[in-house]
Amino acid sequence: MCAANATTLQLDSSGNLRHFLSIEGLSRSLLVRIMDTAESFTSVTRQAVKKVPLLRGKTVVNLFFETSTRTRTTFELAAKRLSADVLNINIATSATAKGESLLDTIRNIEAMQVDMFVVRHAESGAAHFIAGQVAPHISVINAGDGRHAHPTQAMLDMFTIRRMKGDFAPLKVALVGDVLHSRVARSEILALRTLGVSEIRVIGPRTLLPVHPETLGVRAVSDLDQGLEGVDVIMMLRLQKERMSSAFIPSEHEYFARFGLTETRLAKAKPDAIVMHPGPINRGVEIDSRVADGPHSVILQQVNFGIPVRMAILSLATQAGA
Amino acid sequence: MCAANATTLQLDSSGNLRHFLSIEGLSRSLLVRIMDTAESFTSVTRQAVKKVPLLRGKTVVNLFFETSTRTRTTFELAAKRLSADVLNINIATSATAKGESLLDTIRNIEAMQVDMFVVRHAESGAAHFIAGQVAPHISVINAGDGRHAHPTQAMLDMFTIRRMKGDFAPLKVALVGDVLHSRVARSEILALRTLGVSEIRVIGPRTLLPVHPETLGVRAVSDLDQGLEGVDVIMMLRLQKERMSSAFIPSEHEYFARFGLTETRLAKAKPDAIVMHPGPINRGVEIDSRVADGPHSVILQQVNFGIPVRMAILSLATQAGA
Amino acid sequence: MCAANATTLQLDSSGNLRHFLSIEGLSRSLLVRIMDTAESFTSVTRQAVKKVPLLRGKTVVNLFFETSTRTRTTFELAAKRLSADVLNINIATSATAKGESLLDTIRNIEAMQVDMFVVRHAESGAAHFIAGQVAPHISVINAGDGRHAHPTQAMLDMFTIRRMKGDFAPLKVALVGDVLHSRVARSEILALRTLGVSEIRVIGPRTLLPVHPETLGVRAVSDLDQGLEGVDVIMMLRLQKERMSSAFIPSEHEYFARFGLTETRLAKAKPDAIVMHPGPINRGVEIDSRVADGPHSVILQQVNFGIPVRMAILSLATQAGA
């Protein structure tokens, strides 16, 4: 599948969010608008009746070609708190068994008069492909596609940073781990650059770092202590099990010794640095439990902010015209 | 399981729909009433808030002993748009594992004060059996039982034909494919006859056609070109994969050569003929993509009309007395 | 996992139910309050619109580490009839696949601003462990943990007994079957003692009875006829298939011959004795069909009362302070 031009696909003629597929091509003001809208929803999730009727009567379809209980759950909660009807369709275990093509599956669910697809797929470009095919009234939200993008994760990370740090301009940010294969890292780097942070460093074994980091606007560092020097934000990445058993890294133990975030390593960063992780965390592999559960960690706040940020994206996409 | 008398089971003492198990025994006026009710719901599915409170506080149980994401999804959407609570129970993966009998399963869910069972089962007669057992306030909807019936599919097909063609009386209809083993075909033939079409032809390899077509009120034709001559409606059937690998047909390739619907073949039908298929389609097996996606195809309209037609059946069955 | 002190965990500072983990440590007046509240909900499940808005905007998470369609379904129905949003998370098939710890899973779902966990787990003490970890605003309901407790089942059984028999004080109750390994039996015995029945007998093969019955306040009898003599309530237990194939009992056939409840055996009990079973029943193993479906059986009433009793527990737990 080849990704169509994200910018033209994502925005309607007035520049509003029609689909949410990638951070690429989105303006700083749009990212800020998403965060401001999310801010207004944080109070909803704290009040006794956690419901607003914004999407009442709308049908949101969680179309997951790849299982992810956590991401599916946060989208389901976000949609229900906006009063939408939610339909969970796990394609891995259903239609493909009957040999139907992706496009036929989409056309069929679309014909059921649904309003939004939240798509998770193992192939890069799947959400773009679907967005290029659906009827004008339907919005597509990318909930992770292959190695390409995970833009709602990036937005909840940005929202967390803004909540903790306020202004993006002075921030030095480090991304640690398997940057090369991570859709989360790709989306985070794009969002951080759009929001204008001062510096982005990517840290990890050479085999897991991009070959030409400068084209991404980041600096590659292969030593963790050196990379963490003076940073405000540390964004840890999850080490995929399949990567661990491959030739990319020598062993889990050795990986932790060189790139695991411990309290000692964390001390290299600014005293008020925050530690982030998209979850689920591999304790003792990429992060030590004392750091994951320590005072610098904002990992659970990220999960918490995932709901209002996804509510913001769902509601903004519903309001756009064709 | 042996199917009880459908007519007496399906209707209450005033002739209203209590269960919806089979087209057999239903009057023309009842089928028209279902279609008229569905017509009133098509506007609901188009409006911004796609909800009516007709089934508010009612519990609809999707009781699927056989997996079918598509059918389950349309019933779930129909029930939610009527404001019902929906419970999805996949029996294939649950209670039977504990060795409970079908009747015990039914008695137990019934005891939870539910209002409606939507039943899908691999055995013919399962929905009738359940309807014969449930308490007076519960309605049973047959969502496909073995080779016996798939009456909601037949009703959405009739609704599609009425929308496209208006009057049934002058129509010549062809059913193409594995008519012998198809519950969809059985229900379609009964509905078409009840609604009084002019002619019904069944077309396919002799091994997949009924032995005594005349008892069904249809004419059997084993040549596709000849069978399509002058028809108004072509109802394609899905060729089951298990049939393809059996002795019933020589090969997928040869099947397509003889019975696949192509543009050339379609030209034998009336110029304004419509092409229908219950889905999911096997492109290049029973139908060519140019026909499936072409101007005569109403396949996606069928899916679309599946929602208001099922809303109609659910709401009519809820209103009946015991 | 080790179960924390149930009493201190379960009640808030005013003695209201904060979590519902075990019958242990709950007062008679609290059990009566649960039953009185359930009584008020029985009319809700009978009325046309079976909804009350008590939990509107609250999110109830069914966190099932062990599959149980029946228990999950009754909790889902109870929560929906209280107007809560329900999230079903089957951990057996999801997060653990990514190697996340139980505590991390809990912390993450908790961070999504949910209000209640309904927990089913194969290990004893799991619900207590979770209750000891969650934030002050979250309630935990034990839906069955290992061999330890199944307190909502016990409460619906008590509610059924009260409905059928009125006063607990004069009652003689027999529990029949695998008392030793049954969480249902453990919780039932605790509840019956708290409500002050006159006598509790446990009946079964010696290998399936507790070694020191007197410490539980019950009398052990290994002869069924003798044990049923003059009892008011017979609570049958389900014989687990895994137990049948082990050395605990000689054979299914022999088990039924010695401990299966038949009409002849039932005649030893009081003429108005009631027969209960938590389901699913093994017909012809622990109970004869004529008894299960006969006039003394209240098995389906138990299922029916399961909804208002669980509604009562969910709503009482939501009202408690921290």
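A, B and C label the chains in the order they appear, each numbered from 1.
Heads up, the rule we're going with is that contacts are C-beta pairs under 8 Å (C-beta built on N, C-alpha and C of every residue); 3 or more make two chains touch, one makes a residue touch a chain.
Quantities reported herein were computed from a predicted structural model and do not represent experimental measurements.
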| item | value |
| --- | --- |
| Same or different residue numbers at the chain B/chain C copy interface, by half rule | different |
| For chain A placed onto chain C, the superposition rotation in degrees, Cα atoms, nearest 5 | 120 |
| Geometric centre distance via CA averages, chain C-chain B, whole Å | 41 |
| Set of chain C residues in contact with two or more other chains | none |
| Residue ranges of chain A in contact with chain C within the complex | 45-51, 67, 69-70, 73-74, 76-77, 80-81, 241, 279-283, 300-301, 303-304, 306-307 |
| Chain C-touching residues of chain B, taken from the complex the two chains share | 56-59, 85, 87, 89, 93-95, 97-101, 104, 107-114 |
